[in-house]
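In what follows, chain A forms one complex with chain B and a second complex with chain C.
The block that comes next holds the complex of A and B.
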């Protein structure tokens, strides 16, 4: 009996071996050092840690709050913990969540998880990320992700949203473009999910049609235009300017702060020079979008004159009498796209609460701007920002005291909600 | 009872200039470094942003950045036969507190000492004979030469981006620089700062009289500069809030603007602020330090074991910790024996005020280290034979500030208050200049530091007791320098000048300079020095003592550049020799 069973079992075992070897040919070997390292790199490119690691907390253990226009979501635990993490998930379940927005047990994810972008990644890259996540310390940390109010807490609403705004599918290379351009497009449109912040969103949180990368407001910041627009976008930046910015957080125009400082710290500063160059080549190919430069506000305008006086007193010592700044220390304000965005949210914000620029291995200075909220009333801040947006050849809409007051209140709320 | 912490490789006591340089260098070697700093964490944008750093009352009068006398102070007397009393309000010198140390609130004057300053005793004896020196003068050679230190001066200046004009490049005298300086291996990293009207006129007068004026080397930069570690500083904006203030514009070289951004990113570095080291612990042989004990801001006591201890507190407190830890033989004034506390020295400054009728100097266009200088009367740059004193100093027309509370000079005879004072202040504010001299202070048998027998600090430890007075040699020097300076100022055509040479006894009340020196000096002989030529304790080989504490006497220059050069010099020996083979770097 026993030997008979063995005889039957052996061919079965052989069959299993053959099948699993065949499967291995298609699926990366998750135990291989190369795959795990590649996964670490792609997890860095995808900036998983931005949401899934709480500041100062255990890597990928989740729990960090994501402010959305619809309410608060908590980032789940993606460590390999069996009960509270993703340790019990199959690879297919992982891929389904990352690329289709369908979580464990078939629940619909909210697009704060950028599956709308990750959908463009290759399955091999996503499996590699899984392989890497399998190697991190499992952390027992139960996270109830959905903290949204009714009706947004009804995940089924995402069926309709996905139908409207989600086009699943792998990245399709453009054979008419170079390999470098295609690599850049793959990263920008996929793992790096740049459009999540930089593409304007409609009332439903979906991308506004035809306005990709034209700049967008979020979380009391304004993610600037990344198109070839010379006024507010990257039209005048060279490929090298973009590479330097993504690698070190600074270039001759600007120094990253706010959410972009985090993106540089966690993600782009760790990418290879070749990948950064590919991203830059792709970004430089984006046609100029958005609005043309408006007429600058006259320097005879009372707000401009008042703003200039404040600028000379408070700002010129660092940013220079002509707004020229100091490379690596004080961002330039003249001919600076960031200053001429349609909305001035980021400018109002940094004047009110100050800002610490990113520090990277390549540019460790990490200078900071002090807060002026205690010192300048709303009208003064409005006028000085109107001034810098329209001095030295700049041109952008005026800022009102009301705009500043609203930001002051929003920052106050943010501070109160902070843990 | 102290709680023992896990051991680390290196502890620095203090995180000012020397602590930051040491921590950077030791973390470079992959060692784990813990810096324990008595004062608070300090950062440019949060602690002294340009939006409120120019607050004269807060920083210059109420001394926001300095140690509080209630935190710790010292006691003072002029002579050993007097009873010392505690200083309850700082005056003559202002002792630092907090991350960055004195590097936060210095003026940025970045001077090298003269080659002869390092071999002073030998040089003066050879030139003038031993009898020319006062009997009780205890100057000695340093055990290190200018040529040995040159690469380390260079290293610090390139860390800071120092602005200046070289006067001696590899032995070739250069136009517009200081012709008396020792040879430098390359030019300053940035050109000199622009000079305002007063210093320009002063320099013209000096030149007409045959002197060689040159711009003062400055740690407030003339242009943006990125140092070899990739850290960027901005150009000085001439706001005139340097000394006693932190620089909000990232333009004054400080640990914050040159080292800390890199250091704080390192995982093998940790800074513990508001933690005061109370003693250096020794093993049972007394020949090896086992670490330090410190008290945190909650009053809890901790023991931090370490393989190497760097004593990087301010000069006074370095000496106090050595005495409290029982390291080295304390100096005994009655016998002249012992080394800890011996050869305390200071700096002898003086000034000349000049009131003009027909000139507007706009002295508020100011920066801590702008100014035109001559060095003809420094060190042994001139023949002292006819004058009956040794030493000297640089002199010049600086323009460090015209802050209204401190800098409203009025002519002699003006009432101290009321309408007449206001009128005189208004009439003279823009048209008055102050030129000054910055003179050496040599060491003497009766100028020293020891533990006070009566007064204790907040931990119950004896306070440091300073016994110090000016000696005739220094007062003669000050008179001579002030007279020479006045001659130049007179040539500028003022209505009236007022000479203010240093006279009488040393007094702790009026501010003079924070350049306190010595007390645990370096040298070649353990009988007359606490440290060997590498700043290593003769007694405890894994203890290195940084700072002006090591100066056997003080030269006629600001000390920071030399303090930093000595630190790099010591670290180089540690990297090349000590880490491979821990033990005395100089046999005893």
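The block that comes next holds the complex of A and C.
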């Protein structure tokens, strides 16, 4: 009897959901405070500022360089300036750019602009973002976005790319899942565009089929596995762990740094607890993907023994003799998925150049890790990271001195180019 | 009657006049007048502390090589002195092989040698030891004059030999007389020099190897000091157990 009622109730619930979304799909009043405020919230969720605001510059005035494997793109000015911003665009033109990757005058955008994800947002949410952007200070700042070398600078190449990798269309709620799950999926797959970094990319920069959220290398970092994989993913994290991480940048496992620190600062730390919980519920539902845990490297291996001596001398003071860390100050290294990713780029990086973890209102300390580049040669760094990845029950491929040397050069180049 | 020069860290007990409050205040008033302008910066809220990649102030590690401050003769004399103050024994190499002379050479070449952090202008008045340095000679000049006087004394007393060329027994006799105050070098009581030399030798022996002494952390290994380790939380609750890790320098490793 009860299950029969449930069967009746579910389609009814779905119907309510669809009707309410249809109501939101009608063009909203762009002058209303609620719409503008909702647009500000969605612009935060979509993290527009990450690319469109230069550090220390005027909001949304563009000009920031985006390093892609194909060359440099400059983020355009999206303030309402008539000449150099988007003040003269119609709402339809704005929606077409955000959701279809077709810019003003019909030019094709590059998918560094995550229209492939924003396509899943509702039109109402995108119009609300436009309503909000209409209220920001117009800035006269002409940006020539396309700095790519030939042939990538030919925007028409995106026609073929889109045909291969772009599946336009609104988010389709799954009526068999809870409203919370659907809200989470809508945010994760749409505005928050998590997969832009966390889904592996093929040589063309498109998502690798069947490997969604399994972790990916980018900009000399490694965006970790977010699937239910217990070894390298979020399998052992609870919903509360994920919410706390997105809200404050830290939890009992980890503290965000690098690009994720920016995502937390600019975006997730400003979302409502309900939305963060929805995202966590959705992420926790992702089936375990990626590889199974490999066999750990033997502690008799010379690299492991050397790495252990370095660990005891240099790392144990903060991260603990057993890699247990201190919650809120020093990330744990044992049973930490981040440490056991397929590639060790993030680990090599923070050991070399140090790291400043994110500081949020909820966790304002923002602890830092010192740079070890000046005192540890490549081989030492390789061995100590190999040790960390295979001690205390961890298991992950070894790191070579060559990996460290290449990262050292790349990071020095990056540091020189930084403004 | 011998003269008693005022030397670094050593007050003349024979005089009753003390540094007056007026004398003591004058230098600090001068400091106030020339205090440099400091600038404060307000950090925007919620952004955390500023950070840049590869940040850090690695310690400057003393490199082996020729003397920086000492002449070859002075270097030989100091090596001979530190090797008698800390003679080689089964537990550690001597002061020379542990780098104590290198340590002293490098510190005399730096701010310690020129007393750069210390008010060195007159008046130089008799004072209690607690009142600190009351002397016109910075440590580098003081070492230089006393080492010259030592070799001059040895050449005169030991048939033209310098201190470094003497057999150990005679070196020890001279050092003993320096310590007990009975030896005068060029009309100057050698005891203050002995005290400074002994202190600097000990510091060279036990200081971090980045400063040129304590070579191979021999002194730390002897006393079981684990060096510049940052944290011992894992060991706080473990009693009557030998700490197993070798010492490390602030330069790492």
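Points worth noting:
Operating definition for what follows: the second predicted complex is superposed on the first by the 394 of 419 C-alpha atoms of A that agree within 3 Å, B and C clash if a C-alpha of one lies under 4 Å from a C-alpha of the other, contacts with A are read in each partner's own complex, and residues count from 1 in each chain.
Just so it is clear, a contact is a pair of C-beta atoms (placed from the backbone, for glycine too) under 8 Å apart; a residue touches a chain by one contact, two chains touch by 3 or more.
Here the structure is a predicted model, which means the values were calculated and not measured.
Taken together through their common chain A, the two structures put chain B and chain C in a clash. Once the two complexes are overlaid on the shared chain, A:354 sits against chain B and chain C alike.
Judged by the touch definition given at the top, the superposed model places A:317 against both chain B and chain C. When the two structures are aligned on the shared chain, A:370 is found in touch with chain B and with chain C. When the shared chain is aligned, chain B comes close enough to touch A:362, but chain C does not. Shared-chain residue A:213: touches no atom of chain B or chain C. Of the two partner chains placed around the shared chain by superposition, neither chain B nor chain C is touched by A:286. The larger set of touched chain A residues comes from C, when the choice is between chain B and chain C.
Residue contacts after overlaying the shared chain place A:329 against chain B, while chain C stays out of touching range.
When the two complexes are superposed via chain A, 80-88 is the only one of 80-88, 116-124 or 530-538 in chain B with C-alpha atoms clashing against chain C. Residues common to the contacts of chain A with chain B and with chain C across the two structures: 314, 317-318, 354, 356, 359, 361, 364, 366, 368, 370-372, 375.
The part of chain B that touches chain A in the complex is made up of residues 43-46, 49-52, 224, 226, 229-235, 237, 239, 248-250, 261-262, 265. Remark: chain C residues 46-49, 51-56, 58, 229-231, 233-234, 245, 248, 251-253 touch chain A in the complex. Those residues of chain A lying in contact with chain C across their complex are 265, 312-314, 316-318, 320-322, 352-354, 356, 358-361, 364, 366, 368, 370-376, 411-412, 414-415, 418. On the chain A side of its complex with chain B, the touching residues are 314, 317-318, 326-330, 354, 356, 359, 361-372, 375.
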